[in-house]
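Below, each structure is written out as structure tokens.
In the two complexes below, chain A is the common chain; its partner is chain B in one and chain C in the other.
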Partner chain A sequence: MNWVHLDWVLLVVAAWLLIGVAGVFALRRLTLVARVLFPAGGAFGLLLFGVALSSVMSSPEVAVLPIGLPSLPFHFRLDSLSAFFLMVIGSVSAGVSAFAAGYFRKGEGTPPGLLALEYHLFLASMALVVLADDAYAFMVMWETMALSSFFLVTANHRIVEIQRAGYLYLLIAHIGAISILLCFGVLQANTGDYTFASMRVQALSPFWASVAFLLALFGFGAKAGIVPLHVWLPEAHPAAPSPVSALMSGVMLKTAIYGVLRVFFDLLHTTVWWWGLLLLAVGLTTALFGVVFAAVQVDMKRLLAYSSIENIGLLFAGIGLTVLFSAFGMQPMAALALTAVLYHVASHAFFKSLLFVGTGAVLHATGERNLGKLGGLIRTMPWVAWVTLVAVLASAGLPPLGGFVSEWLLLQSFLFSSGLPSSFLDMLIPVFAALIALIAALAGYTMVKFFGVIFLGQPREEKLARARDAGGWERIGMAWLVGGCLALGLFPVQFIALIDPVTRVLVGAGLGETVNDSGWLLVPVAIERASYGPAIFLLGVAASFALAFLLVRLLYHGRLRRAAPWDCGYRWQNARMQDTAEGFGQPIRQIFEPFFRMERELPTPFDAEPRYRVSVADHFWHWLYVPLGRAVERLASLIGLLQQGRIAVYLLYSFVTLIAVLVVVKQ
Partner chain B sequence: MTAMTELVGQLINLLASILLMLAFAMISQRRILSLIHLFTAQGAVLVAATVVVGYATQQPHLYLSAGITLLLKVILIPLLLHRVIARLDVRWDVETLINIPTTMIIGIALVIFAFDLALPISKLSVSVARGTLGIALACVLLSFLMMITRSKAVPQVIAFLSMENGLFFAATSATYGMPMVVELGIALDVLVGILILGVFMFQIREQFDSLDISHLEKLKED
Partner chain C sequence: MSWLGVFSQLLEIVMALLLAPLLSGWINQWRAWLQNKSAPSVLQPYRMLHKLFNKESVLAEHASPLFRGAPYIVFGCMALASAIIPTLSTDLPLSPAADAIALVGLFAFARVFISLAAMDVGTSFGTLGARREMLIGFLAEPALLMVLFSASLISKSTSLTTIVETLAHRDLTIYPSLAFAGVAFIIVSLAENARVPVDNPATHLELTMIHEALILEYSGRHLALLEWGASLKLFAYSCIGLALFLPWGIAEAQAPLALLLAMPVLILKLAIGGALLAVLETVSAKMRIFRVPEFLATAFLLAVIGMLVHILVRG
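So, the complex of A and B:
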């Protein structure tokens, strides 16, 4: 047998499905599920990563599977773009599966065997979404993905908030799916042929191409969480078990990015410049909105969910820039922006899933999600703390980690844009670049808050002293993800060589050659413009760290004097005196006040027990979703008028309908 | 031969007009017992019409369907209905939602509509009974009207059955009957339908101490 890459990928998918089915037979046998099924799923994730890695460079492969409806088989195609996303899915899921092997325990609501089924079905459907080569297979897999993740989100389905979160997620996922379906309907251009191969050769008029573009933006945007379709994200992520949040945020949101890239650059293959501007506007709004809200959250998983919204916004902004460049025929610049997007896809997948599994470990050890009740965990959970620190640094966009490379590339593509033929755009782009810098800075602020409040300082509750560090499987999973973050940061040149074939397919140019020429130094365009050497940075960071350590050791230690001549009224320092999550976010709450819908309860001087309470909500919920819900209810009550409860009236309806139909037939 | 065809054609038209008159009679009839008698008569006329069409067109399977109709609609169902009204004791007056003269006027309008509708179809048909399609359609619509205007369950069931009669007549007159399988299927449906409706009537009676379906309005969700 001569197996091509696609066969191996389908083998992995089949294995995942089998593992899921095996979970049904071991419904309540936790040890079997946790020690055998999840690690096996992780191993197949590694295999998928390996296969995808070797197929990124090779030419597209196709397969037709005669499953589904008769005369409507599933078409699959493995090209560079699919291979890239499969790489992300495989590598991240390997780490998350290993973590999940140690994470799931009794009392999670859904029995462990069923969780294994939903989890592996979710993985398999994500892999097949990026393989699908016709609208039918794509929609089936897209819906399977939505449904399996819905059941994973509602694992603790007896809690009312989780039911609400699951419902909201399912609702928005389906509205988005309808839009995607309509988009495919436009793309097939009245041929009735829903394979992607046929859509690729259709030439749509600018009007219909724009309609398809807007439908795809809405549909995939609902899944990705662009403003104002983001409301499900901060609800669903805290509700889901942490490995599931990690997969949803790290990988599933990326399938929406995949869909956007597939439709915009592969199926539509024409670009209009205002699409790019719209994407930039939407992306930057989303990013700013996400990061500002992340800065004021007090629930650690909600904070991460808003941070995901921010990153999705950055990705959309990068895609917008790519569209803008390729609409004006500036292919090398488009390739730079697209490389930044794909790089950020990979690095966000790693650091965000690492952050989520880190919160999972904290949640299991302490039972708390509220930042106000955590603190000082670096002493009881050092392993989790250091691992999370790596993810936090990557998320804040600091060198020498993956997040820095992608944000740096994105900023570079903004800064190189001063050759656009429209002077209006030329003036606008630097403003956008400044906005990106603001967003990156705020993201850093948010991450300082996240790490500082959870792990540093003194424990805010007594029980935190008894928190236990992550177990063996959890450590393996986290270590793998940390490795990913570090590798992405330290080997950008090698990684961009993998992205090169993808950008060549999508925008017809790549960074591979320029980057390869300069060896270890990352040079996206030209050496005299900008370059980045992660190894130098690493050496610099290590050297200054060592120097600081030595200096502190030599100069400061050993000369310590204890004295209390003037203690400012502090006889002792306790946990109540340190900065809280609310306090840390307060400046942001002041500066960006119009963004929030705040309710404050301030104590008066005469309160016996003064209490301060503030709740921060989203304007979109009250301005958009609540009126929309009311309108739907009003419409539904109009339909209720039809229901008279009298059989004669119901018969009259069918009678009148019959007469009307007969009259029409007569004409 | 032509005289014979002519006679048969006239005979079918006669039977069709009797059918229409019976339909009007059912609309105006207040007593349930008489309604059942009228329904039985309608069934008998239908059997006769089917036999005549079968004879005229040399279609032996029409005799068979006439036999089924006879067994089902002239003997079995009226018997069942008689038993139901005896058990439920609802022999007497029925109040209608719209008064009877108004219903008759609406019925006339329906007949005109049905004829107008059937005209172009009749021109295409080559059957001996092509002129009767309009009447068959009118019977269906009149039965539907009756179903709307009655407020008790038993007359509604009778109206439903009479509508089926009209459909059957339309099939016979326009296309020499439906395929045997379809006909048998419909016959079985009607039989099962009447059994289920019978059960429902007893249930309604038990729940509300009356067969007046206006009580069902209470089931509406507010």
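So, the complex of A and C:
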């Protein structure tokens, strides 16, 4: 039999579905589910990664599956863009599945077999979303993805907050889905043909193209979590089990980025410059908002959720820059910006899933999510701590890890954007670049807080001394993810060569040639302009580290004595005297005060039991969502007037409707 | 890669490592003179390092390997930074490995590690220092990046050697963008190197200390490496300043004679710069820690305005 790549991908999807079904038969047998089903799912994730890796370079493949409604078969198409996202889905899910094999325990809401079903259904639907080649298949898979992840989020469905978080997630996911559906409605341009192949050849007028653009931005933005549609993220992530948060943040948000790229560059194939400006503005607002909120959080998973919002913002800003460049016909620059976006998609997928599974390990070992009750875990959980440190450094955008490469590419594309036809835009670009730099630096602040408060210092609770390090499966999963982070950091040249066909498909230019010529150095344009060699960079730091170490030992000595910490000679210090997560966020609260809706309660000197309380809330919740919710409720109660509960009244309604329909039909 | 390039690269690293403590000693001497005190010898920092290296290291009981490794990492970062920045010559084999953005990333890397190490022991001062260091960092880092961007807009490159070559070859026209960037750069380097008015390097055990709070738990060789690293950082920042704003006299590719000349020129420039820094520190008062963000935000905005001015003047 002669199998093409697409067949293999569909095989993986089918395998995932079968594993899910097997979970239903092993509903409460945790060992079977954890030791067999999840690792098997992970193995198929690896297979998907391998298949996608080999298909990035090859030409598009199509398939039509006669499932679904009689006259509406599912169209699938595997091109470079889909292959790239399949690669991310496969590789990240492999690590997360291995981690999940050791993560799920007994007695947490949904039985393990059902979780396995939902989990693998979620994976399969994400893979099919990026394969779908008609609006019908896309929407079915998009909804499957939303629903399966909703059930995963509410795994502990007996807790009221989790129910609320799940509901909010489902609501915003559906509002977004409606918008995407309308977008496809515009894109088919009255042909009635909803295949992407037909949409690609339609030429929309600028007005309708802009309408489609705005609908897509709203719809996919709701899934990705752009401001002001971000509110579900910080609720859903703490509620979901950690492997699920890892998948949602690392992979599911990226399907929204996939949708944006697919619609903007493939289906719409014309771009207007103000789209780019709007995307830049939305993206940077989102990023700044996300990082500022992340810096003041005290719940570790909430902090990571806000950090995801920040990264999504950066991705949207990069897409905006790509749109801007391609609208002005500057294809090489567009390719540079798009490469930065795709690079960040991959590196964020790895480091954010790693961070989330790291919090999962901490949560299991300690039962605490609150940063104020953690601390000092590097001594009891060294494995998790060191692995998380790599993700933290990547997330802070530090060389020589993956986060830095994408940031570097993004800044390069900002910096060399001069030559835009409008001087107004030329002036705006440096301001945007400055914002990106500020956001990146703030991300570093946030990540130091995250790592320092959880893993360093003295344990803030007694039970933390008994915390146990992660188990075997969890370690395997984390090791795979950390390998991804390191590989993305150290081999940018090879990875960009891999991205090259994707950017060629989307914007008609790529960095592959210039990058490949320069060997180990990453040179996006020309060597006099900019270059970066992470391997040499790491070697330089490591060599000077080793030399300093050896020379000090040889010339002097290696004597060491352990004693009580000095702390200026103060003897009575305890863990409570360390800076807390709130304390670490305080300068940010002060500097970025207008961002927050803050309520402070200060004690007076005469209080018998002085209490200090400060709550930080989101303006958007108060000024947008609460009024909106009230308005909807009022509207619903108006409609409720129709509901009289008497059969005669309903018969009257039917009668009136009938008359009305007859009148209309008659004319 | 030429042999001369390798030689000038090695020469640069060795010179930075050896001269950095001397620069600190020189500035301390000037400070003492200006404050009408009898000054310590200019060689005092070397004696200090020698003494610290000889002493045994006392480590807190529950300090993790991160705490022990951080001094070496910080030292390694600073050594690499001084290798990347073109001080004597622009023909440096290591320079393509990191451009201006990566240089800022390198400083950030060191900052993150020293802050994490300060949080590791879990004392009140350590975490306080870490928070303040990161606070200064998140404002100073983008400002430094914008300063470097102003220069790279002129040379259309973020590669440090190209920037320096372009700036060294310009005729004596004044770039208004560089004037803004220059002021911003001075503010950033004061903050980043823990100088007055942001932090006071001469005092210890002050409630407002930043750098000293970070390294409070270190002793012996670890402390020596951190102090050496700090003086290397000051050296590196001075060299960035000289390379961006006064690049004349630097040797370019294939010019062994120019390399010979470049060294005394650099030392002269550093000596004058160090004395000016001492004057600046003597005439200004230390500022309240709550004012520091404003101070640094000014630098950030100045640097951004510098970039805008460049675009305005050109376009």
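What we mean here is this: the second predicted complex is superposed on the first by the 616 of 667 C-alpha atoms of A that agree within 3 Å, B and C clash if a C-alpha of one lies under 4 Å from a C-alpha of the other, contacts with A are read in each partner's own complex, and residues count from 1 in each chain.
The rule is simple: a contact is a pair of C-beta atoms (placed from the backbone, for glycine too) under 8 Å apart; a residue touches a chain by one contact, two chains touch by 3 or more.
These figures come from a predicted structure and were not determined experimentally.
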Where does A:Q643 make contact in the superposed view: on chain B (first), on chain C (second), on both, or on neither? first
Which holds for A:P605: it touches chain B only (first), chain C only (second), both, or neither? neither
Which of chain B and chain C A:P206 touches, first, second, both or neither: neither
Now for A:P594: first (chain B), second (chain C), both, or neither, which partner does it touch? neither
On the superposed three-chain arrangement, identify whether chain B or chain C touches more chain A residues. C
First (chain B), second (chain C), both or neither: which does A:L651 touch? first
When the two structures are overlaid on chain A, which partner does A:G192 contact: first (chain B), second (chain C), both, or neither? neither
Going by the contact rule set out at the top, does A:P66 touch chain B (first), chain C (second), both, or neither? neither
Contact footprint of chain A on chain C as seen in their complex: 53-54, 56-64, 66, 69, 72-73, 75-77, 79-80, 83, 94, 96-99, 101-102, 105-106, 108-109, 111-112, 115-116, 119-128, 130-131, 134-135, 137-139, 141-142, 145-146, 149, 152-153, 156-159, 162, 205, 216-217, 220-221, 225, 290, 293, 300, 303-304, 307-308, 311-312, 315
Show which residues of chain B lie in contact with chain A when the two form their complex. 97, 113, 116-117, 120, 141, 144-145, 147-149, 151, 156, 213-214, 216-221
Of all residues in chain A, which touch chain B in the complex? 643-648, 651-652, 655, 658-659, 662, 665-666
Chain C partner contacts - residues on chain A that touch it in the complex: 375-376, 378-379, 382, 389, 393, 396-399, 404, 407-408, 411-412, 415-416, 418, 423, 426-427, 430-431, 433-434, 437-438, 440-442, 444-445, 447-449, 451-453, 456-458, 521, 527-533, 536-537, 540-545, 548-549, 552, 555-557, 559-568, 570, 573, 575, 577-579, 583-584, 587, 590-591
